[in-house]
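Residue numbering begins at 1 within each chain, and the chains themselves are lettered A, B, C, D, E and F in the order written.
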């Protein structure tokens, strides 16, 4: 089983964190390939940055088409996820989507712990797009400027753990989601020090994607997740253009 | 990895269907044990029947405690699921919960196809308890009295397939959930004849539970999914009483 | 008019509190019979405990069938309420349901004051099942371990009154619901010291049930509150089995 | 116990229907006084008509102040209900509010059967103001111009019964609400011919108001249902002015 | 283009504030006429006061009928707005509605800053009637008794500015709505001192109404915003009676 | 006043339709510049196509930065709208957003009439992102393959008018939104033949944007609509890179 993990951002240091946690989470026999976005920003905190990451992720997914059995869009906020699902004929999951689904089976209400105040609006809207806002207990975030996106989970470990305890004690979370690819793997390290289950986006995504690939769902040929209908296009990267030329239903 | 699959109902013929689909879905190395409820009704269509199945399932889960790494409550409607999650220290999933989560990663809106009109209200309320009612396109059901609960999927195959097509064409479903343990395995058989992904409760539950067991989430020791607080009790089956004596937090 | 009040828990001391408040609330000519659950826990704080109380309440309702004109399920959280409504052919109400309906006619938003932090999740979900979560201003609870469930309302009177004032001043509640059978009757004692109407589950339930009995609604013979359809069952207490043998519609 | 029933409209024939059903529903010892609005329209179908009926009802409630222990605003749609609750120091209920609360204790989902297509939007918004739209299965209405508002329930009896059956069979209603003061009493007549409980606004209101009066809730002196704060006013009917001069909290 | 701005309250000093801000906001060539309610209260904080203002506004709109191309109901809370829209054949807007729509195009979540604690419930319900409660970050209000409704914006300028900063910093508002006709024009003065866009009801209403008038939408002749159907009425002011005699559809 | 109207798609024929309607809607003195996306598809029906249009629109907005006082993103579905709002320091509106806001001031519930079945899911999700799904009566669409996107409004005029009547008669819409840039201007032509107000995205957007520009809202310097924080980026078009280098708050 081959899984393509797309980092929608340009940070190689974050790609390394993602790769490590993906590898740790994968079943024996699963091959993980991590691709870093060829253009974009260092990490996504806003709707605009997500818009760029969405297009970059779609380009990567198209370019590597045929080399994988499933795709992970590996930024919290799931840039472009639903669009890429239309395009691609194998399962595609996102970090937020997977973390929410894992959390939803471990408790009724969950909180998100994140790396910056600015990121909270975008994460909140991502939960809304999953229609799970009424199960979101809170989003709490670090409130200092980050020194280095590649080492944020170590630089702020104790503050992040304090936020985790707060969402349980003050916000009534049954489950903690540690959010954002820069925090990939932190849940694994600190989970025994916390009083409720802790969910990580990367390991949730790998685990769920492996399950989906085994279930082998058919690509939709009707409805809103079938391929976009064939129609004129212009100026798109050749791999995108090629995929669009297969077309779906109207 | 050992998985206990509890049929909350008394029908051995349905247990056999569940067992077969669970076995087909499990990874190599996973051991499946199916337990049929010692008391209750033939299959659950109503809130009252679910109330009985909930207690029966809890009794079975307690009695077999220590023999499994995870539990599936194998009736659509998930009788007692949230309560049993409090009680047990390993992951517990239900057919509806698992089917919804799988469906939610395959599309934005899903429909449920079921075996009787009476069952629709109970299924609808189960989706509500998962807070996913706004993603439910419809519930459609067979409307004739069933001949035999053990053979319903073969007796009504063409009618069920017609319902599946209707939820796509008329209700806008991106994904079809074929619901109810008596239909376990039907999705696998007819999925290539349908235009969108088809989700089955049993295979979703086995797949997701295997993933959860691998993620090894900690049992909550705080919050609403920790064990019920220790307090006086009376007249409970000994295995339940024993589990309750461990207690959780207030 | 004969009303059966079922305490879904095993605490005789709580049954006595319920009985006293039920008697004070009843109209002349109403006969109140209180039945204590033959099995279960001392008081319900969690989903699991509610699951047990649900089955115990159903058993009691079936056993006493024919001796009453209406039933109160007398634990906040309404264990098994909707299922028992299907089974029984006379009106059945619960403490939460009744308190919410009374509160909803006295104001737009209400808060719940309760006896333990653990109980908050279960109460919140009960309000959700009534689809009134958007009118819930808050749930506040005592946060110390209880000395004695039979005397909690006297042991913590001033703390409970402080919580009542907080939900008005800080949470914007128009109405206070004092929740939980162990607090039955407290509202009556302290209501003149509080700035907004105070609602008690037991007195609301008795009053509303008397009204429903007078309105004499027909037992549904169609739809999701008609009797469960007749089908094979096994291992149920004889009174339950007998009621199920009458059957409803599919 | 003295109950003032305000018909917010000018139709004496409808007042007579209301009076008859109120009398039939009242307990022995309850005195019913029906007051017809001194200005307004024949019956309310729209938001504008409700706005007029709201002011007329408030004027009547103020004028008769001191002569009653509770008030019913007796038009479906509850014109002015929440405002009048602020003003008056005894319980005030409306037909819709009461019917919804009764229906909510008899089933999970309910439908409304009404007298004209135009009225459906206003009724739907009234259910929304009660935050119960998610439990509304449907609103169905007569679609012919009415001959005479005083005899509508007899002129269209069979059509109304057909609508009642439709909401059960096609819309999944557990309970039918027959809506609108012009239909007062119809539920009582046809309920044995229908397969689920049928709720009438007037009898629900009288029954619930009697219960509330017995519960004797305190008038709020804080929060949004205390009296409007004292402030300058001009041009109001003297009884309104007098009531406003008592004032509440800011 | 002639715009009638109705102050639903009797305060001439507030009418003057409204007039000034309306004039400042209007395009060249727009004529503004402000009418003060002939009866009612000094300013609206509660549902009851809104009920009076609704009827007063309707009377004014009817009396001036024929002299305007559009109407602003100029109290936050939009008393009678939806009813008056049915009655009148040109566009009618309210301060809350307009402010919400402006805010919704400037950000995803908005907060309301208001003049008294009592007013918060009424404003909250007005946002709900617009179905935008899930985009409301918070409502914050002055908590001291007001000295003079005509000078509140100057008497409490610094406290109001502090509230504006709080809704951004603590509640996550993208946009601030300064609410209530007594604060008309304040947004214009302090907007450069605040970190996010500030919306004023009067200027939003004038701007949006000018736009609507230019779009020249047809008066509905079907559906719930067509004129109320013709039917008997009694005791209404002659201008209202005249408008009602034109009638709409059933 | 200079307005940039971005067609997020590559169809010059659609740009011409947009230009014509924008011109007809603009006030004297407003200059309209229409820019067609340099890359993308012919028209957007799906999430994937919207993802491409979002990035293309952002590129155009950045490239033309400094030449406009406001921006219209002129495809229904508002591709990239919220992200572009973060980036740009003058008001930005979208066709759906504007049409919804206009419709919301003309009635309580609205329907959308569109050009293809496939487009319905994407439009529905766009309404959800505006949090107005509960006011959406229906979406109805042409169901035949389109001959020519530039002439769809004339090729299918009578079918579109029939859909408009259906949403009023069958779905209870108070207002009709004719959706999609290819239908720009159709509302203006047929509005007198329809029984309720008809809203067009382009004219709504131009009108509302002119109003916003006159209100001159401050660019947020805090919160989720301030500029994205400065951070490393790579491979972006130079105009985007330049805008991002100004940065906002964290």
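Just so it is clear, a residue touches a chain if its C-beta (ideal position, glycine included) is under 8 Å from a C-beta of that chain, and two chains touch if they have at least 3 such contacts.
It should be emphasised that the depicted structure is a prediction, and the values quoted were computed from it without experimental measurement.
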{"item": "Neighbouring chains shared between chain A and chain B, ordered by label", "value": "C, F"}
{"item": "Common touching chains of chain E and chain B", "value": "A, C, D, F"}
{"item": "Interface with more contacting C-beta pairs, comparing A-F to A-C", "value": "A-F"}
{"item": "Homomeric contact chain D-chain E: same or different residue positions, threshold half", "value": "same"}
{"item": "Interface copy of A-B among B-C, D-E or E-F, judged by whether over half of the contact pairs recur", "value": "E-F"}
{"item": "Inter-centroid spacing, chain F versus chain B (mean Cα positions, whole Å)", "value": "43"}
{"item": "Distance between chain centroids, defined by C-alpha means - chain A, chain D (Å)", "value": "51"}
{"item": "Overlap residues in chain E, where contacts from two or more other chains coincide", "value": "82, 85, 108-109, 120-121, 125, 134, 172, 174, 223-224"}
{"item": "Chains grouped in pairs wherever the two touch, ordered by label", "value": "A-B, A-C, A-E, A-F, B-C, B-D, B-F, C-D, C-E, D-E, D-F, E-F"}
{"item": "List of chain B residues in touch with chain A within their complex", "value": "25, 27, 82, 91, 93, 97-98, 101-102, 104-109, 130-132, 134-135, 168-169, 172-174, 191-192, 194-199, 203-204, 207-208, 210-212, 214-215, 217-226"}
{"item": "Sites on chain F touched by chain B in the complex", "value": "120-121, 125, 133"}
{"item": "List of chain E residues in touch with chain D within their complex", "value": "10-11, 38-43, 45-52, 54-55, 58, 80, 82-87, 116-118, 120-122, 125, 128-129, 145, 223-224, 228-229, 231-236, 240, 244, 249-250"}
{"item": "List of chain C residues in touch with chain E within their complex", "value": "108-109, 134, 172, 174"}
